[in-house]
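Okay, so chain A shows up in both of these, paired with chain B first and chain C after.
Right after this comes the complex of A and B.
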């Protein structure tokens, strides 16, 4: 058993355990804590796959951003000391159904990958370029450069072998800017709607 | 991302010279390096809790600790630690016991996790990630969750207020922190903390803080925001012992209480070390001959073998980085005992009304500065005067004839030399990008060079 496998099992167990904790916990703040454990372990799995950008983004957005807001919301709106959520049996059945469906979907996806082909690349020592799915060890440590180039429309991995008439990919910078301006407008609108209607006297 | 580049060195050493099996050597190497990191993580609080008490004493015209361990009371932190371990571990009945127990660990884990990507030397970095700074900021932002959970789960009003203040403060101060961290990134052109430091070798004027006036101001803004993000005075509203008893840690005692302070001091060191890496040259000493000698020593183990001289060089680099970080920690301590605490509304106004606009302006200024600098420092020459073309190197520069304006262009060979050169890893790319690169013999590349230079002009 390799060290990667041991680490993988640690992270995978805590991801699953955290997810179970979210379902089984009664108090909202504890659910948030188990969600931190689960999402953090998934980020650890991303780190192990050398997808460090995805891992850091997972931490900064979900754990550092969303969950802080969640706990902040609980603290501001709670009427009692510890807010509890009682899950009804019907909700549990519905949740279990959705979970099992998702499990089958993931299992189908996992089975569709040619793991033997990927295993040759990972363990065979000869770093052949693996087309399609699978783990690609030649791309280690170079996650941010391809991402930045793809944002600007340069896709060396796709464009080099592509036929001439297919043209170059257009890049994601423009959609990215549109989305960010859209979010800015939403934020300004939200703060306009939420502001105090009566002008309060400045305290400073 | 390169996992444990030094560990492979020491693994080879343990296998070949000591004669251990591969598995045992790897476990031993991981233990050695892990305990080194834990040593830095624990050493900073031990030194600085004593240091803070000494400095506070001097500032307040006292002596500070004098008894424990002889002359300067230098064993005070150890005595404190032993005392805290002996204390009872209390959980108030109103508290959410699981979260109450977990919160101090979260603070510690977040502060310790950042050391995973913090480079102490050129090869002394656990994970040399391409996006080191991004990972570091992401992991450091986890610390706030521990504080908020501690405040919420204590079941006490003081703690809840402390936690809410912390949440409000952190959510606001993360914005200028990231903006200020982006500014040296745009100058260096890399998120990799190792690459950023390598760019700053040579004399101290190569440090990014001296790159242009905007970065100079950014350093002070960053330092203010970093102080606030470690909830140090004058921004320690989450603690605020004169109003909130102890803030988020009111109910804590013993080791769990001390974990918060370990995390706080370690986080102080981490943000100061990041400031040293981003602005103050990291492990470079700022003295060019010394840096060159250290680089030579480091190059001995370029093939991945174990070399004692290379280790020594890395150790010296780590010493330089830690001294720079500790110097900045000293400033934070000095500020804490000099300035009074702000009110919570003043803290928020400082961030939202002053620090965010300031960092936006500095970001814009840093982007525009190279253009302005180029405009004034390039040697300009007329290419067309009153519609008459001027020949340069036997070539007519413009095809416009019917214009009475004069056009000036910078001399092609006198471009402003950038203070920071491109990373030397890719020679061909740097020749293509740098306008003042010497013409190369390869005809095709030279053509591309001319095209790129023309496009930039």
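Right after this comes the complex of A and C.
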């Protein structure tokens, strides 16, 4: 057992356990707590995959942003203290059966593929020889600079050292701009939808 | 640790999210199921970017997924608030006026 295996075991167990806790918990606030556990340990898994920027973004945006939003939603939509919205037992059994079947299907598919054919050995990456001293290559977890350049449309992580006839790799400048406009529209739309209105009587 | 173990973690997250979306009657609970599904997909993206020739593309796609999930949560939450304003409950089974 190396340290990496132990760490992976801890993070994977708490990610899966948190996800199961979200499914099994009956109160929404406890679901939110288990979701925090699950998302936090997924961020740990990202760190183990040498994706440091994605892991930091996961913590900042998911755990710090989206979950706070969800907890505000729980607060604002709270019903009375004795009202519990329960799932009927038949639906629970059916959902569990469907879930177990789906899980067996997916894990059978994952196990039936020989991933070693698709995988390359990442320990000695192609561009590692080109780097000077004091520069952490992408394969070792310093991904902020290559990610930022890729979002600006430049791909030095793919193009450096590549044969010239291969041409330049594509970047992500256009999706980046689309996402920024999308976020603006979403903010305007969300604040328009959630604006305070006069409460109408329930129609049922 | 190989690619396979990360894919299995992603599978567990995905299945939990699907079951959560199918069984919960609370609207906020449905949103949490969606977040779990997107996270399972994200784990797969980052694992493929580490262990195959996908390179940084997988990480960039997972960044886009995180941002779009935040946007989706904001809009869905405002819809849930509207639903609560109209029905005085968050039980999604009560939103059945459109049934024939």
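As a working rule, the second predicted complex is superposed on the first by the 117 of 204 C-alpha atoms of A that agree within 3 Å, B and C clash if a C-alpha of one lies under 4 Å from a C-alpha of the other, contacts with A are read in each partner's own complex, and residues count from 1 in each chain.
In the analysis below, a residue touches a chain if its C-beta (ideal position, glycine included) is under 8 Å from a C-beta of that chain, and two chains touch if they have at least 3 such contacts.
Every value quoted in this text rests on a predicted model; they were computed, and no experiment measured them.
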**Message:** Per the contact definition in the header, classify A:106: touching chain B only (first), chain C only (second), both, or neither.
**Reply:** second
**Request:** Using the touch definition from the top, say if A:64 reaches chain B (first), chain C (second), both or neither.
**Result:** first
**Prompt:** Does chain B (first) or chain C (second) touch A:145, or do both, or does neither?
**Reply:** first
**Message:** If you tally the residues of chain A touched by each partner, is the higher count for chain B or for chain C?
**Reply:** C
**Asked** For A:50, is the partner it touches chain B (first), chain C (second), both, or none of the two (neither)?
**Response** both
**Request:** Pick one for A:76: touches chain B only (first), chain C only (second), both, or neither.
**Result:** both
**Request:** Name the contact category of A:36: first (chain B only), second (chain C only), both, or neither.
**Result:** first
**Request:** Please write out, lowest number first, the residues of chain A touched by both chain B and chain C across the two complexes.
**Result:** 50, 53, 57, 65, 69, 72, 74, 76, 143, 203-204
**Prompt:** If you look only at chain A, which of its residues touch chain B in the complex?
**Reply:** 3, 27, 29-30, 33, 36, 40, 47, 50, 52-53, 55-57, 59-60, 63-65, 67-69, 71-72, 74-76, 81-82, 140-145, 203-204
**Asked** Once bound in the complex, which stretches of chain A touch chain C?
**Response** 4-5, 8, 12, 15-16, 19-20, 22-23, 28, 31-32, 35, 38-39, 42, 45-46, 48-51, 53-54, 57-58, 61-62, 65-66, 69-70, 72-74, 76-77, 79, 83, 85-87, 91-92, 95-96, 98-99, 102-103, 106-107, 110-111, 115, 118-120, 122, 138, 143, 146-147, 150-151, 155, 157-158, 172, 175, 179, 182-183, 186-187, 189-191, 193-194, 197, 199-200, 202-204
**Message:** If we count contacts the way the header does, which residues on chain B are in touch with chain A in the complex?
**Reply:** 1-2, 26, 94, 96, 98-99, 102, 106, 127-131, 134-135, 137-139, 141-142, 144-145, 148-149, 151-153, 155, 160, 163-164, 167-168, 170-171, 174, 191, 345-346, 349
**Of chain C, residues touching chain A in the complex** = 1-9, 11-20, 22-29, 31-33, 35-36, 39, 42-43, 46-47, 49-53, 55-56, 59-60, 62-64, 66-71, 73-75, 77-82, 84-91, 94, 97
